[in-house]
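First subunit A sits with subunit B, and in the next complex the same chain sits with subunit C.
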Partner chain A sequence: MPNNSMDAANTATQSVNTNTHTESKTMKQKKRNSQWTWYIFLIPSFLGILLFMVYPIAESLRLSFFKSNGTIETFTGLANFRTVLTSGPFWNSVWNTFYIGIFQIIITIPLGFIFATLINSVSKGKNFFKVLYFLPNVTSIVAAAMIFQFVLHPEMGILNYILGSLGLPTPGWFSDPATSKWGVILLAVWHWIGFVIIICLANLQAISSEMYEAAKIDGASGIQQWLFITIPNMTGTFAFLLITGWIGALQRFNEVYVVGGPNGSPARSIQTMGAFIYERGFTGFEFGIASAATYIMFIIILIFTFINLKVSKMKI
Partner chain B sequence: MNSTMSMKKMEKITSIIKFLILLIFGVVLMAPFIWMVSVGFDRTANISMPFPPRLIPEEPSKFNYGIVFENGRLIKSYINSTIVTVSSVILGVSASLLAGYAFSKGKFKGKKILFIVVLCTLMIPMEPRLIPLYTLFNKMNLLNTYYPLVLPSIISGMLIFLCKQFFDQLPDTLREAAQIDGAGEFKIFFRVYLPLAGPIAATMVILAFIWSWNDFMWPLVVLNDLELQTVPLYLASFSLENGSSLGGLTMALATVSILPIIILYLFLQRYIIQSIALSGVKGE
Partner chain C sequence: MRRGIYKKKVTLFITMMLLLSFALVGCVPKSNSSSSTSKTEGKWAGQKIRVQMIGDFAMEDKTDPVTGETAKGMKVVKEEFEKQHPGATVDFVLMPWEGYTEKTQAMITSGEADVYQMPGVADFAPQGVLEPLQPWIEKDKEFSLDIFIDNQVDGWKALGPDSKELDIFGLPFLGDTRFISFDKKIFDDWGVEYPSENPTMEEIAEKAKQMTGKNPKTGEQNYGIWFRGDWSSAFTLVDLAEGQNGTWGTGFAWDEVKFNFDSPEMLNGLNWLLEMQKYAPKGIVSNQGNEKWLSKDNNIAIMLNQGPGDTVKPAYAQGLGDRLGIVNEFKNDEGRGGLFAGSPITIAKSSKNKELAWEWVKFATSDFVQKFVFEEYGAIPAVKSATEWDSVKEMPLMLPVFKAMETPMTPRYPWGSSQPRFILTSEIEAALTGNRSAEDALKKAQKESTEWVENR
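What follows is the complex of A and B.
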């Protein structure tokens, strides 16, 4: 990403200078300080990583080969994977997850970018709009889902009232399997757009103004500058948003649980992969099947992130 | 002369149009909040939602709020959330400050690989860890306590990453001066660098606070005891029990539940926005 390259370069040269200055003086002292002290600094974090990351991931893999309810375990080989991969509800949950994710992303990133450029170009109220637009993102998605159940209520909701008074169709939203996914998409866009705007704004401000000045001298209009300078300079940002957006979307659980419970009612229309795992694991106590499903989900996330990285040509 | 005048006029007009578009869309984004507050204060909304929807309550009253507070479960969940959030923040921020500092200024074998491990934790979702963590805490007999909610927050790849970035910007000369004075690594960290880490520590506290306060999936799994419910859990159970009836109560409850975060945000918005921006700008 082309961001803050000036800053980074400055600090880099600074540290190079100071390094060469004092390298010889402190060499001996540095060697005297043995390396082990540094590992003490890392102990708390790495104890946590071992116990709460590495162990569960390994244990989850083991469990996926067993039929287990937490107390009684029997080895079943690949049976759990077969069960999950041939399960209609699982593929339905994959479909729901991707459907909601795709529309959330293709609506929010362009819309957020447009609003970010608008905020960036107004002379007054920049900070006010930043604060206002980011507010939904800090509120909990659980509370937001609760509020949206009323905003999108088919009869008493404010959105359908407005749509109705404009003579437009009034969908059933969360009460109708045909439109419930769109209810979740609206909620997701509302909740995520502030984040997209803030990230875009920060990166817009990092584009050097010299480019715009040069373009202005050449007679480029505002829209031309936006198309040929702003957008090409933002590709790294879009890649970042695409990847973080997908990782978040593939893990979606909280809002669909609040709206539709563990089975994603109505008619499993909003059950995501996360909700499927929760349903099998903690309402059915089929730990083996839930673990196999988490591994399949994990692999889907990895493959998808890899594709995203390739498509967006982002370097980590 | 004339053309520059009209150019300036044009610029002014487009700037006003841009401002208006932003204002209208801002109101649209805020509409759910505005409606939430209005319905919460509407006495009649408790029986049936007001229709057509109105902006100003017909019969303004604190009735719904009274019920929400009388019930006691909300206050209990507030206390639970506060205990869990404060402990999680202290644990997560201190561990991340130590690790971030070591990754920035330390020279030791395996630094690169260990840092990659930390970054990898960012990519690992909660779901694959859910069942093993549940059975782990079950075996330790710690389900339905605060421990499973607090202990795992000791790792946060994001906080370690932000912290390392911050210490990278502080000069090494400070270290070298302290080393010449004979200070050990811990003394250097606590006496020299930690006092300078105020801004990043504030950012980390805010981020960790918001994550912990809003956390939902993991508490849902480990807490069955209603006495220990955190705020989001209480909200979700209220919502699932009552569906779309009791509009006024639900909205009053939602209002009270998001209040701490909104207040925190309004006071510290500069730091919050900056830290979010930082996580995206320097995400290389």
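What follows is the complex of A and C.
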């Protein structure tokens, strides 16, 4: 009997072990099955990325080594890269891109931050100002560029009307290479400032009010609080705006295309890197040149973003 | 149990794939194309062609934004073609002018259509993607090239991949041209005689000078002249050179092309434009200053390098048809000069139904279609018979347009949509904006264009 009980106990233990083993196996299988399900759900977006991102990027790299008009192709090695890197109009487009980008950023971020601070300080109508300043950002840049052509019209434009009324000189704006870049900068600042204000406001509202209370007790003035509490707490936001602002600025195309066409009239003064690529690729059928310029632009953006990350000490 | 899991997986996978397929099918635009089932009876039973067209065309009826009248849809043309060709089916791929070259390139590379409206025929023919049309013309006894306005067939001739001589790869479908237009009211207000039928640069300059300033009748500021200083300025300048018996250069195949961008005629032409800038509103380099043109408040007397599409129908729609005048742009001693423009119709080499495609080409150049696209869409006909249509007679401005179509330089400038055009345009802009002297600008344009041709 004792032996029998031992056997029964052993059998029971074995049965428990087997059950546990089977259970853990089923669990693993379930887990695996559930993972499979998620992979299946991921297939459509994965295929989309493969077809519409990875393939064009790879095809563009291949094209950059060919002289191609879309149907007839000849392998030319690095000749396209040499052509682009020695092309005056390309470096002119790089200069234009950086010129417009630099002024857009150094004007918009401080100005947007000042507006955000002012909006944050008012007790009534905060939402009204937020909507008002954010409106330009939701406006299509193409439509905005068309409107700005009227705003900056040399004879009928409202800006020149105001300048003229004040006895100031009335520039030709988009019809003069000396001022056309500034026309684009004005448009870019107007369009981007709403975004900068909203981002700054979000961070401003996240700064602890206790810090300001403590500063007030210590006798700090409003300006001192702004300089020594607000600004240091905003560095992360400024870094974010700097990086995203630069990436957008380096890819600028829509507004300069609407205002100055693919060759950035007048006299290529607003032709950006994106417009240069469009001009050579889609109006001149030089797909190899356009692809090489695209990769050069990619490398420029990569290097510049890396420098920006280091300068701004932003962690990604 | 395993079998159940496997079945579930397969079902889920199939469902996902179906969903993906539906999603991708949903991405294909339907609005601009029509689909039909193949027909089983008639001479052309089961044969189908796809026709690409560029412009404001629509399958269904739509309201014309200029006149406010209803324009009949291209379904009318489809029905008529299918009626005349029993058993055949024609489907349309309709696209706007915006980005038409890259879209055409993508379509022809993937064999998307059988027939193309193709202003860039000179760029596509050397790629070997187009059917030479001369054998079809010779084979078809019913068809004659005499139906087209003089000069139109020659203008679209292009070089094939192996040919040394210019061949016919496209037949004229839509006409277009460039001319000088003027506002008779402003001329009358100033007491200036209207421009002659073939004006010289001196005549235009003299009249532009006379009509710049305060209008003696209205007291409004008037400008003697306007020309687009950016996008089409290269063609304006080349026409000025041609008006002095000069040329843009010589050759058609890239290895034979030689530019004359820095010739004395071009330099004289650019200096003339710089002089004319004094009598034009500010902003010509950014396509500004002409906002009042084709309105009753117009303040510009003479407009250089105008096209019929933007002039004739809008003028009549505004009730200004009688106020406007059209004369030829600058011509050489042989009476030729100016940009050849418009759209030819071509057959893709890859077309599987070339017989039917040729039938479409003939149909598209027939009075039925030519009249339809003119009356419904304001597209300019390319056939001689148009001068007899009532709808044309109602718009007398069309007659000088047809005359202007007979005399531009042919074949079309081979560099018209290539880098030399953009080089020349940028340099004209540099001169017009005072960034370079006319001489330096043209020398730079000549050097860069020549280098581009040598390195391409």
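By definition in this document, the second predicted complex is superposed on the first by the 282 of 316 C-alpha atoms of A that agree within 3 Å, B and C clash if a C-alpha of one lies under 4 Å from a C-alpha of the other, contacts with A are read in each partner's own complex, and residues count from 1 in each chain.
FYI, contacts are C-beta pairs under 8 Å (C-beta built on N, C-alpha and C of every residue); 3 or more make two chains touch, one makes a residue touch a chain.
A quick note: this is a predicted structure, and the numbers were derived from the prediction, not measured.
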Simultaneous placement of subunit C and subunit B on subunit A, clash or fit: clash
Which superposed partner A:Ile147 touches (first subunit B, second subunit C, both, neither): first
First (subunit B), second (subunit C), both or neither touched by A:Glu155: both
Touching partner for A:Leu47 - first (subunit B), second (subunit C), both, neither: both
First (subunit B), second (subunit C), both or neither touched by A:Tyr39: first
Partner with the higher number of touched subunit A residues, subunit C or subunit B: B
First, second, both or neither for A:Pro177, with subunit B first and subunit C second: second
First (subunit B), second (subunit C), both or neither touched by A:Asn69: second
Partner chain(s) touched by A:Ala267 [first = subunit B, second = subunit C, both, neither]: second
Residues of subunit A that lie at the interface with subunit B and also at the interface with subunit C: 29, 33, 36-37, 40-41, 44, 47, 70, 149, 153, 155-156, 261, 281-282
Contacting residues of subunit B [partner subunit A, same complex]: 15, 18-19, 21-22, 25-26, 29-33, 35-36, 39, 48-53, 94-96, 98-99, 101-102, 106-109, 111, 114, 117-119, 121, 123-136, 138, 151-152, 154-155, 160, 168-169, 171-173, 176, 179-180, 184-186, 189, 210, 213-214, 216-217, 220-221, 231-232, 235-236, 238-240, 243-244, 247, 250-251, 253-254, 257-258, 261-262, 265-266, 269, 272-273, 276-278, 280-284
Complex contact set, residues of subunit A against subunit C: 29, 33, 36-37, 40-41, 43-44, 47, 67, 69-72, 83, 89, 149, 153-156, 172-177, 180, 259-263, 265-268, 279-286
Contact set on subunit C toward subunit A in their complex: 5, 9, 12-13, 16, 19-20, 23, 99, 101-102, 105-106, 108-109, 123, 126-129, 229-231, 281-286, 288-289, 291, 417-419, 422, 425-427, 429-430, 432-433, 435, 455-456
Complex contacts: residues of subunit A adjacent to subunit B: 1, 3-4, 11, 14-15, 18-19, 22, 25-26, 29-30, 33, 35-42, 44-49, 51-53, 55-57, 59-60, 63, 70, 115, 118-119, 121-125, 129-136, 138-151, 153, 155-158, 161, 190, 193-195, 198-199, 201-203, 206, 237, 240-241, 244, 247, 250-251, 253-254, 257-258, 261, 273-274, 277-278, 281-282, 287, 290-291, 294-295, 297-298, 301-302, 305, 315-316
